[in-house]
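These notes open a run of structures that come right after.
In the two assemblies presented below, subunit A is common to both, partnered first by subunit B and then by subunit C.
Presenting the complex of A and B:
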């Protein structure tokens, strides 16, 4: 499938830029129109510092997942496991912090908790990457498998019972804390977006990521170690899930076993809405950060309209199909027209 | 402090309004002040909460001066309920009555709402730290659990093994029901053994428990969704075992009542969600009017059996699929 597409020469790259621009514009335009509408409908309620800030905090975890998934999808692969890895890392992180004083634990316990959450994510990423590269099992199957394993392991380790042994300092200073007047979860997500965006668009590794997604065989022949790139990509995605798990613990103070089931799909949705091609080759981390907020803003405004937030799913679904349709049309135009 | 100053600003604004109203008689005085109350359900897809909604809507209609909005997420998930709480808070609600999805995870958003001057009322479930909550309205779950234990012990002939669900501490109502059940069995029904089902809510968890404990003659179930799954698992047992098992469940969902009528389960301990919803609206309104409210308001339960379910006095406690 991906081999039919050559690495874009100069004029095609312009076209590519246009594709990217139009998808990102549709998404950003949708977001702006919706936000303007809600601002007009609910003066003094929607466009308030409180509302925008809590909205951003509520979706900061999805942004963390989305950054990793942008890399994965740019390389024309999938990762369905991040939501389950998030919860699994919550479980191991809470176990570790529970052993180090639980609610009374200090910053040492918090740091160990962060290390355990990140380590869990990295381990899951390593397993995913290794199986995809070495065993050559399709990524959608491998990560569906690790989704199930991580979810099951989370239940086995807890007996299905949520754990709450999260240090109070972590809840107060990370989950509810502020840096320079901004909630910490927003700062963490913004940093992740900035770093992810820099790596994907400005570094050689980012170019390799796009190249393997655009045409893996060509990338290999050009001397890129595509296996190592792929494993690194899943490490990034896993680290994103681990960090999101840590931040979830800081915000909710609970392993939230039953929760986060929609997170993986919401993040994937954000990635595609943001202009990253479903077929690999092009991706934008900033676009993902914008795309992730469409469902969030919609459900927020719908609650204010005193409607149950169900319509969100319908609107998001329509925008999603429209975005992918534009991607396809532009792509077809490029291969047919020349 | 901020809380006070906003309240002060509001009361100044309000008194200005009252003065203006005095200056222009008729119109402004006849339009009564509405209390903006939001009810956030545990999930929007459960008959229990639909009944709660019906009770709240009915109370708001009866009181006349309440602007009620009912919200919730389609699944029991603290990470889905949190954005709903935040949106309701931002939308200018004066009071929030909520069935929290997690006793701790919802603490931060509700505390933030409370700090903005919004009155918080717990309904059905409650926060682990309710210090800032105006009132908690819920079933006396330990008493209901004990009632279920007495009913089941009688049905089992005071002997055999009773299968019960594992305790999940995050959901306070459930933990209390199970604890109430266990305490009553241990204290007054010593010949009945207790076996725990796995945490999974699938039929396979019941089938596994049936295989592991051949002497199960009683089952105690806590949530109506689970009871339907259990009824399905029991149907798959051989007839001689199936007929020996008595089931007592919580919550009178229509499908569960049908199972009661066809003798697949033998008793239901129904809660009173409609009463909870009405009390939530009434309590929120009282708190907004500055009146004293009880910190904890327990609501009762009612035992439904095949014998009494035909009578209107009992049938009214069957949970509703819609408010009409």
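Presenting the complex of A and C:
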């Protein structure tokens, strides 16, 4: 970035120190250490372009959920519904594309499918946001409810049997496609991270997101329409889930009814590992993108160590509680020291 | 005071169910003065403050600003008139730095396309914050540190500076020294006088008689939802004001 005005040196150095001391850097460091460990343990197996790329593609959907969740959690709320909304949007998207030619459908069908997936996510976000803001039901309960509704609806509409009516062009050019040599799912996730990061850290809306999470009453008195901010946040989170649903269809060619049950939890862990406080007020999207890969790398490495991959769920659960505990202790220290 | 009042409330009444918090309260603020609004607990001070800042709507009565009747339907109306409030809880966002707090809800955006995308001009906000701190003598070493790590006095400084930066006519301070030590309270006094010296009126709501007598030019007293006294500090004493507040004779007030 070039600017004409000179940067005062002291604040710049302080800002740099702050970045280096941040949770996101700690997470990135942890990730590098774990990756170095697996590279040493499995030379020529872990640190291959193919393995890393597959890993990134596998976790690109969770990154999309994580971007939305970062916004929600920065505003001191939860969204437990994104995993179920992802599957529900897969179902509606496949139904729409199935009616437009199924596997033989063209780009028109794909675009409609994308619109239906995004629309489903936005609708779910609107319902979540509206109930949280207007009915004043706590977000954890509202989204637990919509999780159940979306999951139930997905099973009711399919009878519990996966649908496969995904256009071949979508599988070939999006799920398996490449842009500039990079798999499309990675590019989509990277774009989402870039845009999300810009909005949360550089814009007025990002500022309002932090303010509502840190002290909602102060934000309200400052003239911020905190209800509108909250609904917009759930729309963002819902859109992320819808887009993740579309990308999942493109990759697997199936509604994958049973495959995303842990996505929500994994995304949540990524958000928390990435330095977003569970108590709101601070969050970074880039941190989330890094944080999401810690459970990813762990499960990848566990498979190579020929440990049952199910161990990752046990590890994820324990790490989640530990990270939140550390965040809590840090917060307590800061407020009492003031 | 011969100048016409800056703000005047006339016969403000506010009922909460059977309770009459204000029963025809009058209150006057002259331009560029420090006026203390005193009253015992339950006298109606905070209700009157809320009416002036647009947080609540009175059932009866009138608010005149610069001689014109005004409707205060939200805190934004008060702001538009150049009235800022330092709330008792300070209403700061702890996870933001001082400039984020100073400009909360009134952010400066980048010029051009980036600004239209909602991008903040952090440098401009930071520079204006540092400039305001210097002008007001608010001592904060690291203006990019989060408020959460600051002392009570520093937080007070940030909240007062925010009100100062935006208030063109009047600053309302609700119990500004309630949570502060002696040294910090003295510093708030300095701030109040500096604000007044820039021609902005200060309304000081306080219990702290010592504090009021140090900085106020005038004192108005509420009792049971009505104004019972309006005195110039030079012509009164703590005993007399306490008597006004309690309704007891001077000898009975201790």
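In the analysis below, the second predicted complex is superposed on the first by the 302 of 338 C-alpha atoms of A that agree within 3 Å, B and C clash if a C-alpha of one lies under 4 Å from a C-alpha of the other, contacts with A are read in each partner's own complex, and residues count from 1 in each chain.
Note that in this section contacts are C-beta pairs under 8 Å (C-beta built on N, C-alpha and C of every residue); 3 or more make two chains touch, one makes a residue touch a chain.
Worth saying up front: this structure is predicted, and the values here are computed from it rather than measured.
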*asked:* For the three-chain arrangement built by superposition, which of subunit B and subunit C touches the greater number of subunit A residues?
replied: B
*For A:299, is the partner it touches subunit B (first), subunit C (second), both, or none of the two (neither)?*
first
_For A:33 in the superposed arrangement: first (subunit B), second (subunit C), both or neither?_
neither
*Would you check which partner chain A:203 touches, where first means subunit B only, second means subunit C only, and both and neither mean what they say?*
second
_So in the superposed three-chain picture, is A:191 touching just subunit B, just subunit C, both, or none of them (first/second/both/neither)?_
neither
*So, A:219: does it touch subunit B (first), subunit C (second), both, or neither?*
second
*With the two complexes superposed on chain A, say which partner A:179 touches: subunit B (first), subunit C (second), both, or neither.*
neither
*Using the touch definition up top, name the residues of subunit C that touch subunit A in the complex.*
74-76, 79, 87, 89, 91-96, 100, 104-107, 109, 117-120, 123, 126, 142-144, 148-152, 155
*Please give the residue numbers of subunit A that touch subunit C in the complex, ascending.*
3, 5, 11, 14-15, 18, 198-199, 202-205, 207, 210-211, 213-215, 217-219, 221-224, 277, 280-282, 334-335, 337-338
*Which residues of subunit A touch subunit B in their complex?*
42, 45-46, 48, 50-51, 54-55, 58-59, 61, 155, 159-162, 164, 171, 175-176, 248, 251-254, 256, 258-263, 296, 299-301, 303-304, 306, 308-310
*What part of subunit B is in contact with subunit A in the complex they form?*
44, 69, 71-80, 82-84, 86-92, 101-102, 104-105, 107-109, 112, 116, 166-170, 198-200
